[in-house]
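Starting off with a structure, shown below.
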Amino acid sequence: MDLGTHAGFIVASYALCALTIGGLIAWVRLDKANQERDLKELADQGISRAASGFGSTRKS
Amino acid sequence: MENCPCIEAAGPINKTSFILAWSPVLKLIAENLTIDRGGRRVFQDLSFTLDQGTALVVTGANGIGKSSLLRTLAGLVSLAGGDIRLEGGQADRLPFEQTHYFGHQDAVKPALSVLENLTFWRSFSAATPADVFAGKTVAPLEALELLGIAHTAHLPAAYLSAGQKRRLSLSRLLVTPRPIWLMDEPTSALDKASEKQLLDLMNGHLASGGLIVTATHTDLALDTTSILHMRTPDPSEIAPQEMLS
Amino acid sequence: MTGWALDLFQRDLKLSVRIGGSALVGVLFFLAVVTVIPFGVGPDLNLLARIGPAILWIGALLATLLGLDRVFQADREDGTLDLMLMAGRPLELVVLIKCLAHWVATGLPLVIAAPLLAIFLNLEPLAMGAVTLTLLAGTPALTLIGAIGASLTVSLRRGGLLLAVLVVPLAIPVLIFGVSAADAAIHDPVPFLTPFLILCALTLIAAVVGPVASAMALRFSAD
Amino acid sequence: MAFWDYANPTRFLRLVHVVLPWLTGLCVLAFAAGLYMSFFTAPEDYQQGDTVRIMYIHVPAAWLCMMCYTVMSISSIGTLVWKHPLADVSAKSAAPIGAAFTFMALVTGSLWGKPMWGTYWVWDARLTSVLVLLIMYLGLMTLWRTMEDPIKAGKAAAVLTLVGALNLPIIKFSVDWWNTLHQPASVVRMDGPTIHPDILWPLLVMAIAFTLLFFVLHLMAMRNEILRRRVRALRLRAASASHPGAAAATAQPAE
């Protein structure tokens, strides 16, 4: 697989794309961890979702 | 004619008997204060002295200038005439730098957490040294606990109710020792139970040798109070040169 | 002494970064201004390269000024400003620290974004470096001078635009020496250092005049 | 789409939990196939040589920013017209992903342009419109960040998104016109070679891979947004709930 004279640009653009997608994935996973930690912290303080009105139905 | 109430200093109502051994006697002296706001003479030649451990209750009709008097004592309004002195206070500090102002606005930043708000004010407001005023100081968390909002310590202040914001603002007075407390309608947005708490704190401050100047309509059961009633003077009392301005 | 100064700095920084804060809005405004100009001027790269430094500087000036009206007004609205006047701390120092926090939150991102935007204006690396350096030295002056306008208009409801109008004349020297320093690096009719050092001097002067004037204006605005 | 019937967040989260692993698997497969094809089977371009391979990520990324904005526009209609509770969650979580894809399209476009035109940035009609789109995405994300209450922010962002959607064709047209007005025709057309099947296939596979990636990220971001709203709701309740352990000295705050 020879990338020809402008190989640098091809590699650069794929690398930057990989970086951006990697950044997106990291952001999503990090955000999920943060929210779950906050939820656990709230649960520890005894504030559970039992009576929360946010669209949750009784049986869920 | 603009109203410019002068004062009638009625004697202290209920002087408690016990005398505490306080550090050098603190005395807040105001001599013929004169304030103009927006070209209007708010009040003129208003004088009073306030001894340590007593509370000055400022009464009078709405708009008579009670809040202006408190803001003047807080150094927020420039004096047209007269002088404010704190005898026995810190020599290199102005009187209002040894004063807490508990006004209508709570100075609470919604984006910061409750604890962050409080710890900022503890380190930002310069405390009065112990030799001048031996007021007890409380750690931030303890102050929040005292006022029943400790459970919101790590929540953003935006989530607090009006009453809770008032109590956060009140806790600011507990974390930095300053002899003078200026309290403008302190009981507004507070329920009966919190009002009781407020009285305990104010009496505690008086007991430890503090001074309080409060403008209020509800009669507060403070230990030692003197009354400053502000009323509009009848025209005869106005000095002649007043007519020209 | 530095305990309270550091806390004030951290508080202001936190406020501008969190929800409702104005940290990144300045950079976005900067990007918008720099992008819009070629639509007016046309996509001719040589022309853009010639006026590139001027576009970046004017964009930075506008972004700084329009972000400044909240520096004191936010505190005045909830009563914090009153308490700061009573806190017994030197007001000039308080203003300087608030300007520093505002500069780090909005000014510094502009300097960091400048090279990126210079690509849109087809600047060569040398010109890019020069503009970024001049912006680094000049944007603090813009913030400090703008603080004077902010403190003057703190009690007005819609002070933002008036602030810009009041302060633009004061900021013209900074703009002139900023752009000429950047241009000097490219066409060097005059050595780069001369206008650049004057620019640094202007910033130092602003660091003194700004806080003193703002503190005075804030005291008058209190009642 | 059946997808929107899951109005109830809890059921939606359960759906995400079920669908996500499959989507991720498919996405990884598609990327593997796409990358292999674009590097090995696709021929070089007679004029541009190998730099044409950048097209295999540039064009899908450009398609994706348009598709993402479309998803946000539909969500905005969902917020304003159908009052769908999850619509603003979808719009808010799609914005950063859209911005990232737009950034990718810009970067790859610029890197592709360097060997051809000698400079990183040319005010070419398509690149410029994508740049304007990036500013709109960043503006939307800033609007989301400045409003505290998510419901109010949702409505405001929905209005801005729809207004933006209406303006996109106008912007596209005016930029093209502005471009032809100033630009001598010397610029090599951006869309590259005529689409030869060997080149078309990798492009399609990569487009599918990018679309799958978008849906994976979008679902995960929506899940995070739902969790964030639950945290906020619980914290509001925590603040107002009278804390049983209040200090003995103070009376029970009857808030």
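Per-chain numbering from 1; labels A, B, C and D assigned in written order.
Here is the rule we go by: a residue touches a chain if its C-beta (ideal position, glycine included) is under 8 Å from a C-beta of that chain, and two chains touch if they have at least 3 such contacts.
Note that the structure is predicted; figures quoted are calculated from it, not measured.
Peer 1: Averaging the CA atoms per chain, pick out the one whose centre lands closest to the mean of every protein CA shown.
Peer 2: C
Peer 1: By number of C-beta pairs in contact, which two chains lead?
Peer 2: Answer by contact count: the chains A-D.
Peer 1: Using C-alpha centroids, which chain lies at the maximum separation from chain B?
Peer 2: Comparing chain centres, D lies farthest from chain B.
Peer 1: So how far apart, in whole Å, are chain C and chain D when each is placed at the average of its C-alpha atoms?
Peer 2: 32
Peer 1: Rounded to the nearest whole Å, what is the centre-to-centre distance of chain A and chain D, using the mean of the C-alpha atoms as each centre?
Peer 2: Centre-to-centre distance between chain A and chain D: 14 Å.
Peer 1: I'd like to verify one number: the distance from the centre of chain A to the centre of chain C, where each centre is the average of its C-alpha atoms, in whole angstrom.
Peer 2: Distance between chain centres: 34 Å.
Peer 1: From the mean C-alpha coordinate of chain B to that of chain C, what's the distance rounded to whole Å?
Peer 2: Chain centres of chain B and chain C, defined by C-alpha means, are spaced 39 Å apart.
Peer 1: Which chain C residues sit where two or more other chains touch them?
Peer 2: 19-20
Peer 1: Where in chain A do residues touch at least two different other chains?
Peer 2: Within chain A, the residues that touch at least two other chains are 45.
Peer 1: Please output the residue numbers of chain D that touch at least 2 other chains, ranges allowed.
Peer 2: 148, 235, 238, 241 - these are the residues of chain D that touch more than one other chain.
Peer 1: Which of the chains are touching one another, listed as pairs?
Peer 2: A-D, B-C, B-D, C-D
Peer 1: Given the complex with chain D, which residues does chain C contribute to the contact?
Peer 2: Spelled out, the residues of chain C in touch with chain D are 19-20, 24-25, 28, 31-32, 35, 38-39, 42-45, 119-120, 122.
Peer 1: Which part of chain D faces chain A closely enough to touch in the complex?
Peer 2: Touch list, chain D to chain A: 7-11, 39-40, 44, 49-51, 53-54, 57-58, 61, 85, 96-97, 100, 103-104, 107-108, 111-112, 114-115, 213, 217, 220-221, 223-224, 227-231, 233-235, 237-238, 241.
Peer 1: So in the complex, the part of chain B that touches chain C is made up of which residues?
Peer 2: 37, 71, 74-78, 93-94, 96-99, 101, 103-112, 116, 119-121, 123-126, 172
Peer 1: Across the complex, what residues on chain D touch chain C?
Peer 2: Chain D reaches chain C through residues 110, 119-123, 128, 131-132, 135, 138-139, 142, 145-148, 178-179, 181-183.
Peer 1: Given the complex with chain B, which residues does chain D contribute to the contact?
Peer 2: 148, 235-236, 238-241, 243, 245-247, 249-255
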